[in-house]
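The first chain written gets the first letter, and so on, giving A, B, C and D; residue counts start at 1 in each chain.
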Amino acid sequence: MSGQFRPSRRAMLKVGLAATATVASPAVLRSARADTGPIKIGLPLALTGALGSVGQQQKRGAELWAKVQNAKGGILGRQIELLIEDTAGNPANCVRKAQEMVERRDCRLLTGITLSSEALAVVPKLAEWDSIFISSDNGDGRLTAESLVPNFFRANISGPMGTRAVSLYLRSAKLQKFYALGLDYAWGHNSVQVFEQETTKSKKEFIGKVFAPTGTKDYSPYITKIRQSGADAVFLVLQGDDNNAFLSQAQQYRLPEKVKLLTEIVDLTSIRAVGDASLGLIGSSRYSFTYDHPLNAEFVALWKKEHNTVPDTFEGEQWQCMKVFEAGIVKAGGIEAAKLRPALEDIEIESVKGKVHIRKCDHQGVQQGFMVEVVKKPGFDTPVPEVIATFPGDETTPTCNTMTFKD
Amino acid sequence: MPLLELDGVTRRYGALVALDQVALTVEAGEVRAVIGPNGAGKTTLFNVITGTVKPTAGRIRFAGRAIAGLPSHEICRLGVSRTFQITALFPEMTARENAQLAAQARHARRWQPFGGTRIFREAQALADAALEQLGLSAIADRPAGLLSHGDQRLLEVAMAMAQQPQVLLLDEPTQGLSVEETNQAVDTLARFLQATRMTVLLVEHDMEVVFRLAHRITVLHRGAVIADGMPDAVKADPRVQEAYLGGFD
Amino acid sequence: MTGATRMKGATRMKGATRLICIVVLLALVLAPLGLPPFAMTLLTEAVILGLFAMSLDLMFGYTRLVSFGHAAAYGFGAYASGWLLLHTGMPLLFAVFAAGLLTGVLAIGIGWMCTLATGVSFSMLTLALAQLLYAISFKWTSVTGGSDGLAGIPRTIGPFGFAALSSKAGFYYLALGCLVGGFLVCFALVRSPFGAVLRGIRENESKTTALGYNTRLYKIAVVAISYGLGGLAGALYAPFAGFANTELLFWLLSGQVLIMVIVGGAGTLIGPVLGAAFFMLMEHQLSAWTEAWALYFGLIFIAFVLFAPEGIWGLATRRRRAHPRP
Amino acid sequence: MSTFGLLLSQFADALSQSALLFFLGVGLTLIFGLMRIVNFAHGALYMLGAFVGYSLAHWSGNYWVALAGAPMLVGLFGVAFEFSILRRLYRRDAHAFLMVTFGLALVVGEAVRLTWGSDALKVAAPPALSGVIFLLDEPFPVYRLFLAATGIVVAVAIWQFLERSRLGLLIRATSQNAEMANALGVDIKLIRSCVFGIGCGLAALGGVLAAPLVTASNGMAATVIIDAFVIVIIGGMGSFLGSLIGALLIGFVQVFGNYYAPDFALAFMYLVMLVVLVVRPGGLLGKEA
């Protein structure tokens, strides 16, 4: 399970078969669309490009859920059909692919849009398409605040929620002075702003913040800035290649020995990519296979049987999101937006991360916040995220339609 | 009043003096040849007159107007047309189209972005006339890139003529031609110059061509004018012989 | 052509080709009646991309001005029309044309700066300016919405309640109108005296200058018209897709539109429109069939270069070409 | 940290970044200088170098094998591509190369994803270079000094190769006038294959050296191609020394710029490029294109 790559050829073969099947399938019967026939769920994912690894995780998470669910007879006795397409992380492709799923293949349920920029482009069209979109990975706080639309739901932990968990953890920690480094990106600014509010609220010193453009390759100027600032901890809002580059270079500068690294997302892919450079990293996690909950243990066992490795962050989040879909469809007794939307509001399920309650007022999934620390653990040859603290959902979820917290 | 007048024209490239106080006057209807060994500054003289290169000092007057330092496309529009030492044509266009584009450059509405049937008709008339004068009517519809080297040189002259210039600058028109092609070209040029009484400034190496076409000759050596006058007088001038034949110091 | 023969060139309309074009145009006009909704969505986007590729062909195919930054026109047009529609509620028709005009005016500055250089340096200057616009779109959050751009761009009702353009078919006709209008403008332009000078610049710019043309002014004009039409295409895209973001200014799009022109057949106006449709539909369909679509996409381009140098339009009109291109 | 210590470490950072940028730029310039083609696939070859380096290091357990092997293998791939496809396009105009290299970039990018998967892969620096030395009380990674040193060594090596060696002379001759060189009996087909191979090899070298800093990842190609273009344009298309100067200029502008004015981080490179091109359209050392 060390840094070897997952056999992608097998995954591609499955997609190839699924894709050719759907293309060859007879034109969808327009009349009897809603109540019989397979339940179609569309996933316009970024399977290639810079965020390809996240897209692949979402795909695997959804595919396993569909396989397990179909084995149990699907939902409401109807088999589940996943429409998975590659957007390469480009919003123009994402809107076109989603529109094709809605208009040509008559699929009214969407999930698994990888980038926030893609989600923000699709969300305004949900009403026109009469489709429900449940996000499994988009962290941008505005999606459940000023950019909220009735047909949008978010089952995953948002950026501000992750940051809130970190701030709650820091209240008891002895660290006093903080610096922040975020990607020059809506999500980055969003989370750093929440962190700044939270640290000042808890009477700690927020020294300063800096933002690096996505695709930065040399982080030495930012590492020097952090070292210069005299902070005892730095809050990182980075992802993918930028996160890997920063962590590798920070370790080479021995930065972690002087400044504690805190991050808003900890995921296995980047731990594997940087190896021991991630040791000692503390951060909030959207999902960790080490979380002990009976449903999680069952999910991890299922995952090991299928992929002979442990599930990563976005595989867990996608699994939970599909569970929310499932519960909503069962409660609504159908998939039309008019029935599914009220059914999803105020729905509560027990998932791999414990209780998840979709709030009526802003469609945000209220769920526990986790804090993890990356440690060496016997039986695993790469470091793993160990859960060190959990916070109840209503403490980590912002007040309705906002990105701020009542304290 | 001379058509073209150069007075004290100098051009320096750092320490190198390409043109040294050149004085030159060309009367209307005169064919003036400019000769001199390689590097004497003949092409630089052309470039200074046509504005491709700015003179470092000195005055150039053309038809009563000072043109030193004007951009080359403005000088050209005043009526100064030229050909190049290395043939410059539009290879994919036919011979007629080459000449037509040259003629169009003089038209007031040459840049009209639509229609243009009348402009094309007028330009094409000028083009056909010029091709006729240079004996190129037969190959008017062939792409310029596929013409013989001789025809290409004459086409360049025809393009210049299609612009109805007041003075024509010919930069070694017979360069690179075989003996037989040179004679043919020179016969055509002689007939054409006779017929049109065109004022010409001619740069040429081949002395036979110079003596057949030129009314007066100016000899350049190391950027300076060392002799100026009728062909026979210049031929006899000792300084010319020294510069040309013997005494390369 | 009466009397004077027009400047012959690649856009000469032989009888048969013209007939095909009219038939295709008729089919395009009748499309909304027969085609299913998603096919209309694809067709509308293909028409918009076709206008964008055709606008580049004016520079690339007719004046050999190789732009590596044509996405600047598309992106700027999209942001301009998006901003106008979101903040001023201006009717869709006015916003689209205003955005295209604005891009054209901006392009006069771009043209002035880029024509300081020629050849590869010109291409690199266009790349630099496009990337500068990309960086600005990232940072100027108040106007451009930063990294996530502008979203939820409405198709506002036309003047005096005229709402036909906001519907799916109506918007398609607006886009088709812009493409056909753009084509007629370009077609007239390249066959006019101005177009003849462009052809001179393409084949031998120094000779064209020596003949007395101020070639730099012509190039700036071509850049302005080309960016203006490209901006019009971008201005149509924003209300069509409902968003405008930094991806529309990224250099990858500049590379893709260049490929559309080459695949379609440069210097023919119609070729690039086919190239754009081919590129988009192929990318869309390939990625539906297999995850490794980029591999096949790349191989197709290499195959095109080796076996169809003159592009799709070249293939289509090969039999009737008068004199072989060197 | 004393200001002098800060400046010293920033200077060293800038040198190491300039070295990486130089490897990228010099390959592109050599190819453009000789063959007048802008290689859109340069970023993909840089990425291929990083992934081939990963496999070699993983298989042999030794970073140095990867450092030597990856450029060689990718160089050979370059020669094969030139021999099989580019060779048939030299009579064609520049569009053909534009499209072929664009196609190659797509093919290589996808082949990497299919072979190595979409996750980023760790390439560890060798133990000898993983340490830290103290520049006036501040830790500075030894690996970056190694990068700076390699940059200087490779720069001098290429300079000597071009100036002193016979093949270097033939390459420079073919760059200036391919027809004349051919007329004098130079096998320009072989020269072009060599140069395209060397250019690809240098890009791969950049990839292998960058991997320990940024990991081998699918996103490398797109972000790095712009840097390569900027360096080569500023230095002057086709000028070896120009790409060296361009790399140093951008290396320093990025390291110091991102520190003192982070808000303009994204725009620095393009502003510098615009200023240079407006002042000298052919680039600092380029001949008027």
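In this text, a contact is a pair of C-beta atoms (placed from the backbone, for glycine too) under 8 Å apart; a residue touches a chain by one contact, two chains touch by 3 or more.
If you're wondering where the values come from, they're calculated on a predicted model, not measured in any experiment.
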For chain A and chain B, chains touching each: C
Reference chain B; chain at largest CA-centroid distance: A
For chain B paired with chain C, centre-to-centre distance based on mean C-alpha positions, whole Å: 43
Length of the line joining the C-alpha centres of chain C and chain D, rounded to whole Å: 33
Euclidean distance of C-alpha centroids - chain A vs chain C, Å: 37
Geometric centre distance via CA averages, chain D-chain B, whole Å: 49
Set of chain A residues in contact with two or more other chains: 12, 47-48, 184, 213
Residue numbers of chain C (touch at least two other chains): 138-139, 292-294
Junction residues of chain D, two or more chains touched: 110, 113-114, 222, 263, 266
Pairs of chains satisfying the touch condition: A-C, A-D, B-C, C-D
Complex interface listing, chain D residues touching chain A: 1, 6, 9-10, 13, 17, 20, 110, 113-114, 116-122, 124-125, 130, 132, 138-141, 143-144, 210, 212-215, 217-220, 222-224, 254-256, 258-259, 262-263, 265-266
List of chain B residues in touch with chain C within their complex: 50, 52, 71-73, 76-77, 81-82, 84, 88-94, 97, 100-102, 104-107, 109-121, 124, 143, 145, 159, 163
Parts of chain A lying in touch with chain D, wherever the complex brings them together: 3, 5-6, 8-9, 12, 47-53, 55-56, 184, 210-213, 215-218, 220-222, 224-225, 227-228, 240-241, 244-245, 248-249, 252-254, 269-270, 272-275
Residues on chain C engaged by chain B in the complex (per definition of touch): 1-8, 188-189, 191-197, 199-200, 203-204, 206-215, 217-218, 323, 325-326
Complex contacts: residues of chain C adjacent to chain A: 36-39, 41-42, 45, 138-139, 146-149, 151-152, 241-243, 245-248, 283-284, 287-294
